[in-house]
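We just call them A, B and C in the order they show up, numbering each chain from 1.
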Amino acid sequence: MSAIETVRPPLPKKPFNPTPVWLTAWLALLWLIVVDLELSFETLLYGVDDIFEYFSRYGSPNFADLSRYVELLIQTLATALWGSALAFVVAVVLAPFAARNLTPNATVYRIARETLNFMRAMPDLLLALIFVAALGLGPLPGALALGIHTAGFLGKFFSESLERVDAGIYEAVSATGASRLQVVMYAGWPSILREALGYTLYIFDRNVRMASVLGLVGAGGIGLALHDTLRMFNYDQSAALIIVILITILVIDYLSTWIRGKLN
Amino acid sequence: MNSSRLCWPTPNGLPAVAPAVVVSVCLLLLVISASAVELDLVRLITAIPRMFEFASHLLVLPDWEYLPTLGTNMLQTMEMTFLATSIALVISLPLGVLAAVNASPHPVVFHVTRNLLTLMRALPELVWALVFVSAVGLGPLPGVMALSFVTVGFMGKFFAESIEVIDARQVEGVAAHGAGWLQLRTFAFFPQVFPDFVGTVMYILDHNLRAAAILGLVGAGGIGYDLVMAMRMFDYGRLLPIALSIYVAVTLLDRMSDKFRRRLI
Amino acid sequence: MSQIIIKDVAKRYANGFNALKGVSAEIPAGSFTVILGPSGAGKSTLLRTINGLETPTSGSVQIGQQTVTHTNLREVRSQVGMVFQHFNLVDRLSVMANVLTGRLSHRSWLGSLFYLFQRGDMDIAHEALIRVGLTDKAWNRADRLSGGQQQRVGIARALAQQPRVILADEPVASLDPVTSEEIMGLLREICTRDGITVVVNLHQVELAKRFADRVIGLNDGFVVYDGPASGLDRATLSRIYNRNGDQIDEQLETMLAYA
């Protein structure tokens, strides 16, 4: 009797937990990478004093050239603005073709999708290099590069939002005899307006960040000044430039977060 | 009144106020800033034939002897991406918990961590790469440092945000059984946010690969240096293979992460 | 004269489901027709083939003098208004803008790009809103209205098309009984006063008996009844709602007793 009572049905066999295996593989891979890249973290550790000494050189920012910085900053912001506007226009045109429920046919869908993918995959600095070669130095190639690269992102975001709109709404508008364009204009964009504006602000935010380094490849803005001062070891001026860039980006960041909060 | 006169669907037939204001402000800003970006249609149009000329230069046979070096440098780029993302992952997991309003131990800790993360992601990788290159010298080390630094800023924020939207009832359920502070965070929070975390890591891996591909621009390792040199020397036999390999790598990672995310969620 | 002629329409979905298995019917101009049938009988599919939202696998649909094909879809649809179970309004647009979408087939693509309409369209939309009694809500956002009001906007949108036919797919399935009554009354009134042909899918036998001139009973993709609403006796209803071939199930009997 008691024997029967104490015999518990055995638990099913514990499933194999693969986590330790993955963790070990991950660590091993990281170790291999560290060896292959010939990174020596010891020098980093021994050099901590040096690094602190190095960063102390940035201790006394020199704002003597502030008016020039502000000028460059305005150019940077203008580049980001034009880049974002270009991205917005391209994305608005391409997104309906890349949305499964609005595209006229499968071929057009594929082409639109691949175009957006391609634009996203090309790093904006690489595009900037190419446009600088074609257009010469200045902020214009920078704006073009930002525009084309981020159009890939915006187009993807927009088309995914358009795909999430209730199919019944598209159906109702097309059942009135509306054309495909009219369905997009009256059922598509109004339904995703807030989302789309949020994404655009986010992209503008990102473009301000990127525009501040485009100068490195000669595409205008404040980045070139930073590069030059660092190369000439003018740490005081570099520090001033970094502070100016940092404040601008933080202001834009907070501003766009605030507007996006208002939108929702 | 003429019945074919055009009007907007508003009470007075004029455009609605809010969209009209937003559109005009945007257009105004664009017009004002047009001179700052040196917008010049003539220049744009005259550049078109040059773009075609450039494109035609690209159609040369690749520099075969360079291809092994390309492979090594692309591998280095990918290694930097993976390493930097891993380092950032380890650092931003605890920071993400501290920066989530519902998991942070104290409001002061919450605000300090939040602002720290904002500061870390404010400047682009390239600026940090410039600084780190002049601090520790050329090579992949400053690249990895710059990438990890900025990535912590983004990843910590994303982690914190996904922790903040979890279901409070499940947390209460575990807390009701007397779980401790750390137990609560590992047993109640982590399982809920795990799919979100994986999505974030994949997204950031994607972003970091693109960033790593251009860090070489300032001497911080990876394929970027070769890219700039090929560009400056008009070495088209190298340029196309480099651009193509970046495109292929990014696209492959993108597809893989899409598949991975879909399987997980 | 027949407004709608449905000839041997069959529909097989990509997943292999046969929704319609050869349906023929003629619907006279200016009549009020109700389609009854259990869920999955093909009511919705039949209604949606009329304005080309579904393409029949075989057979044809003729509206007025036109056979519905891929090439004349927009033209056919511009003459056929449709009312939906879930209203399907564009939430963020105003009530007026939603009603105006009924005029889109008369607008050029360029005007539509800038959301422009003509004064005449506004007048027609205004008229439609008066008909459904919602003039005071014209500038409200569509998603701020109650279900009954949203369905009225849906009907106004169909009216703004100045259609010859209005199709209503379960127009009262998401509404309470009192509101359902009002909406059915409105559709009936539109049919009688404007001479618009109305075809409605319904679940409620009782509403069908009260409002319809004519009832088409569908079961398992076939027409099992086609005649006046007065002919809906218990034997007919059990034929329409029967799920198990000839066997009459008891639940059905109870349900029909209250119908």
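The rule is simple: a contact is a pair of C-beta atoms (placed from the backbone, for glycine too) under 8 Å apart; a residue touches a chain by one contact, two chains touch by 3 or more.
Everything numeric in this text was worked out from a predicted model, so none of it was measured.
S.K.: By mean C-alpha position, what chain is farthest away from subunit A?
M.R.: The most remote chain is C.
S.K.: A-C or A-B: which has the larger count of contacting C-beta pairs?
M.R.: A-B
S.K.: Report, in whole Å, the distance between the mean C-alpha point of subunit A and the mean C-alpha point of subunit C.
M.R.: Here subunit A and subunit C have centroids separated by 47 Å.
S.K.: What whole-number Å value describes the gap between the mean CA coordinates of subunit A and subunit B?
M.R.: Their C-alpha centroids are separated by 4 Å.
S.K.: Specify, in ascending order, the residues of subunit A that touch 2 or more different other chains.
M.R.: Residues of subunit A never touch two or more of the other chains.
S.K.: For subunit B, write out the residues touching at least two other chains, lowest number first.
M.R.: none
S.K.: Would you please write down the residue numbers of subunit C that are in contact with two or more other chains?
M.R.: Those would be 97, 115.
S.K.: Provide the residue numbers of subunit A that touch subunit C in the complex, in ascending order.
M.R.: Touch list, subunit A to subunit C: 166, 168-169, 171-179, 181-182, 185-187, 190-191, 193.
S.K.: Note which residues of subunit C are touching subunit A in the complex, please.
M.R.: Spelled out, the residues of subunit C in touch with subunit A are 51, 53, 74-82, 84, 86, 88-93, 97, 101-102, 104-105, 107, 109, 112-113, 115, 154, 157-158, 161.
S.K.: Which residues of subunit B touch subunit A in their complex?
M.R.: 26, 29-30, 33-34, 36-40, 43-44, 47, 50-51, 54, 75-76, 79-80, 82-83, 86, 118-119, 122-124, 126-127, 130-131, 134-136, 139-141, 144, 210-211, 213-214, 217-218, 221, 227-228, 231, 243, 246-247, 250-251, 254
S.K.: State the interface residues of subunit B toward subunit C in the complex, per the touch definition above.
M.R.: Those residues of subunit B that touch subunit C are 1-11, 13.
S.K.: Can you tell me which positions in subunit C touch subunit B when the two form their complex?
M.R.: Its residues touching subunit B are 94, 96-97, 100, 111, 115-120, 122-123, 138-139.
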